[in-house]
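Multiple structures follow.
Look at the two complexes coming up: chain A is in both, with chain B in one and chain C in the other.
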Partner chain A sequence: MSRAASPARPWPLSRAAVHLVLILYAALCLGPVLLVVGNSFKSRAAIFGAPLSLPGPATFDLVGYKTVLGQGAFLHYFANSLIVTVGSLAAVLLFGAMAAFALSEYRFPGNRLLGLFLSLGIMVPIRLGTVAILNMMVATHLVNTHLALILIYTAQGLPIAVFILSEFMQGVSKDLKDAGRIDGLSEYTIFFRLVLPLVRPAVATVAVFTMIPIWNDLWFPLIVAPGEATKTVTLGAQVFIGQFVTNWNAVLAALTLAVLPVLVLYLLFSRQLIRGITAGAVK
Partner chain B sequence: MDQIEKLAADAPLLPAARDVAGPARARRWHIAVFLAPALLVYTALMIVPLADTLRLSLFRSIEHVPAFVGLDNFRVLFTDPRWSEHFWAALRHNFYFFAFHILLQNPVGIALAALLSLPRLRGQAFYRTAFFLPTMLSFVIVGFTWKLILSPLWGVAPTLLGAVGLRGWFHPWLGQEATALTTLALISVWQYVGIPMMLIYAAMLAIPHELIEAAELDGITGFAQFRKIKLPLIWPTIGICSILTFVGNFNAFDLIYTVSGANAGPNFATDILGTFLFRTFFGNQLQLGDPNMGATIATMMFLIILAGVSAYLFGIQARMRRYAL
Partner chain C sequence: MGSLSLSAISKSFGVVDVLKGVDLDVAAGEFVVFVGPSGCGKSTLLRVIAGLDEQTSGDLRIDGLLMNSVPPAKRGIAMVFQSYALYPHLTVARNMGLALSQEGIAAADIKRRVETASALLRLDALLDRRPAELSGGQRQRVAIGRAIVRQPSLFLFDEPLSNLDAALRAGTRIEIAKLHRQLGATMVYVTHDQVEAMTLADKIVVLRGGIVEQVGRPLELYARPANLFVAGFIGSPTMNFIGGDSAARLRAATIGVRPEHLLVAPESAGAGAWIGAVSHAERLGADTMLYVDVPEVDVLGAGMLTARILGDIDYAVGDRVGLTPQAGKVYRFDDDGNSIAA
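Our next item is the complex of A and B:
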């Protein structure tokens, strides 16, 4: 947009300086990650001998991965993370969209109050209720289950999801919904068939925002589901690395394996995510 | 839920809504159906536990029987040397941690956003993706990665410092009491600078270019343009970033736990409220878990966050000058 705005007045020198600063900072951001990933493919001697060089034919070694995957549990941790993340995500998006629709579509007494009640959770972290949450999970025998984590993360993700989705749902054309009503569609059909498809981009943005903290969380898996059967990859990596501190090949391989899914997802969705943030902030 | 229904039937609606509400009154159950799942899960796992935690802070388990002790747990936390020493230290560290973030994260974020939003900048998408990448990673990955890099065993940090002739500057920063917390704060800033950067970048893109053009016609360019035109317009965004950082910092745990362990070593030098809460209520090698004292610490964290958010909402945001664009 701004491209056509003002007549081009390039300052070649200061432009170069700008790029220098940006490249240096990009190196600071990417460097540590590349360092870990690069060294994870090298032999122990090469990791210590030349940590800053890329793995070459002489130094290439998968021994770290053999150790990590030989433990067998890592793939299982991935599956756990996947179940918990997908489960919570589905619940946050469905319940969040339904609540957002009710709050933005209908006028009823207490509407604003309910909105405020829900947005309390945006500012107050759910962690502060951990003591009581653990008591509750113990009482209902949900400790060390996927369901415990899914319930917690659903409650954690709902406030911001409702907040963002209601903003977007207010923008859906009223005429369209009223046309649906005149055609005799039920309110449920209007929500699922008319409104939900129209706010799909917003739902995708909320999905990425919700997913990342869930996948990355260490606190609740550590407290509510530390058992081997439900350990998530974040907690699994933490424990594994703690045990293998001196086995650098294994540590680097485990870190790489833990980073990989996030990295792939991020590179796939970074445009959407960044557009989501910028659109949200402009509002 | 049926309360809503009842209220809906006889409450005075706004005139615009009244004519819609009339025929619909009989079938407004769907509102409750739409709201119920979210409200249920949210209330049961967020609001009730939070309230219950506040309640638990007023009790103490005496021979496995909960007894009401009023505010005595808080007295113990503030004044009993066994607790107060750790509590005040953790609080102090937490404020230091936060101050470090505010002083570093916002300026770096603003600077990066200002450079990124320069018109006709090549490689914008690449820079944005790179700068935001650390924010996506878990504390576990970030913590261990930096622990390895700063480890004297591996020698990456000394080698890099050596390349610019500063090898002598290297110290095992994470292992020394005097520098451990600062190093952790720097790592945390490294990870989270992406958020203020992105929000401020978005705010800058939203500035209408008529405004920028007018400034350029008046000869205001470069840094002067940033300071006189853009900065006043992004103050509200900087405020939001600051309060997000505040809440995040006073609730932080993962990074310190990953890098320094539950005892927030060396010698509790990196202990903040999050790690103190974890140790207290979950227990560790040194002590048994104490849910009531844990709840007391969580209540203090709640009050601090509440105070911070209220100060922001009523003190700063209300007074902040907003410009309609």
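Our next item is the complex of A and C:
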């Protein structure tokens, strides 16, 4: 047996190359975020004078945060964002997982077709239907309500959730579900107690991928819920962007604050998330 | 308690007919083993009995009660799966007791029944562990315990030993046989391993392509196979089948001789119905398998005759030997592959 035949460690050179690419990509992703966070702690003059430099003793200034937090409405916008995001997330995960279970577990006529129909939504951006959606919301008197946004985001998040979760649910041991049936567990118990815990990494993955576009969305809040009572953070931050004068300190501070909840959620889910993304790729 | 009766059970998945009219009666207390090659429908038949799949047509009775469309939990059955299928989030004790608590049985009763079963299977020390902390053999014992606790009228086993290594498999096999003697319960067991079938069964059901080929006691199937398929399936190494002139002389289309019924002698000894050269020898100590090339004989299948000799007899590859079937140990089959009565 030659040594070359064994799956040797990758060459140091190719390993370095892989890391170089990953580091570059990470820099590309993190750069703008760090720029926003860094500049949010600087005075207005420093933001324009030296946008790439870190805040120092001379340039450190919390005026942006003071503006944002001083404006009472902003915490209210935060609450709106949270209500909409958590509500949509709960609906997407619950209904997505249930649909995925049905599609992967039961044989019924039109099963494949229904699955295909549901995953079609991945390819068609929901924004194409904005006008029709707005008409619907007006007709049902849902304009300027949290419910309007929750319904829209649920529709937006379901296709990918069903698609990913049904793949994972197919991987759950059939014997396990059958053992549950023989022991007299209801289908709901089998779903909630046996299957759902086993696909937890996939649920975490879907949760993060669903949450981020909802939290960041500007389009639908602007169109169906622009009222003061239902304004979300991203929409709220727009008040600092004027036609002639933009309060950059406040905009950057608002955006920095808006990153925090996503960051917290990511840290909570990150272990599960990585398992979810790489499942199937390894082993 | 625990009789089972199937009449004209068939099952189709779309256009694929997996079971084509299976009739079977199992008496209370019997140990029945379904064997057959993969895809023969044995697992599907078990799932139909369990109620996990519903038959397309036919009637299924347990203890004389019609069970068509009765949900699995209400059939008075318990099932042991190949992959154990233990609930990962529950301890061993709760795994075993779950079905009982679903039935609404009092906690004290559940505890007592779990303890009885765990004593039987030597699981006492493991009751508070979770499945992930158990070895494969322990998991399978828990799965068997989970079935025992229910005191079902019918035990169903779906290839329960396939995931175990050889040593554990033999041990667990003996344990299942003992269990059957102690409980006296009716057991239906699916396997593709004929050693399990021969050693455990009161009655073997050989299936092929969704049809029952033969039903009988293990040694009955060994001694009097109904057709070529059963003859080839039961017994290891598999029976030698010979066509052509050798068969025609005995007024049969095909004759069969089991490897253990072939007498081997060196060619120099003179005698031998068939003469050939040893092409391979497997020496196992207790016995020796000889694979003999017999170019003049019309051997079906591998083209070589297999002979099994007791003891370690030193034939080298290339040695010429004569093979003679023992008197009265030749099976005859007609053109359709059915046995011709002696």
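FYI, the second predicted complex is superposed on the first by the 208 of 283 C-alpha atoms of A that agree within 3 Å, B and C clash if a C-alpha of one lies under 4 Å from a C-alpha of the other, contacts with A are read in each partner's own complex, and residues count from 1 in each chain.
Just so we're on the same page, a residue touches a chain if its C-beta (ideal position, glycine included) is under 8 Å from a C-beta of that chain, and two chains touch if they have at least 3 such contacts.
Nothing here was measured: the structure is a model prediction, and the numbers come from that model.
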Query = Given the touch rule stated above, what does A:Ile182 touch, chain B (first), chain C (second), both, or neither?
reply = second
Task = Pick one for A:Thr154: touches chain B only (first), chain C only (second), both, or neither.
result = first
Task = Between chain B and chain C, pick out the one touching the greater number of residues of chain A.
result = B
Ask   = Given the touch rule stated above, what does A:Pro32 touch, chain B (first), chain C (second), both, or neither?
value = first
Task = Identify the partner contact of A:Leu194: answer first if only chain B is touched, second if only chain C is, both if each is, neither if none is.
result = second
Task = Quick one: classify A:Pro57 as touching chain B (first), chain C (second), both or neither.
result = neither
Ask   = What does chain C use to touch chain A in their complex?
value = 47, 50, 52, 71-74, 77-79, 81-89, 98-99, 102-103, 146, 158
Remark   = Contacts from chain A onto chain B in the complex sit at residues 1-3, 5-6, 8, 10, 14, 18-19, 21-22, 25-26, 28-30, 32-33, 35-36, 47-48, 51-52, 91, 94-96, 98-99, 101-103, 106-110, 114, 117-118, 120-121, 123-136, 151-152, 154-156, 158-159, 162, 186-188, 191, 212, 215-219, 223, 234, 237-238, 241, 248, 251-252, 255, 258-259, 262-263, 266-267, 270-271, 273-274, 277-282
Query = Once bound in the complex, which stretches of chain B touch chain A?
reply = 4, 7-8, 11, 13-14, 17, 21, 28, 30-31, 33-35, 37-39, 41-42, 44-50, 52-53, 56, 112, 115-116, 118-123, 125-134, 136-141, 144-146, 148-149, 154-156, 159-160, 190, 198-199, 201-203, 205-206, 209, 212-213, 216, 222, 237, 247, 251, 253-254, 257-258, 274, 277-278, 281-282, 291, 294-295, 298-299, 301-302, 305-306, 309
Message = Taking the touch rule as given, give the residues of chain A at its contact with chain C in the complex, in rising order.
response = 173, 175-176, 178-185, 193-194, 197-198
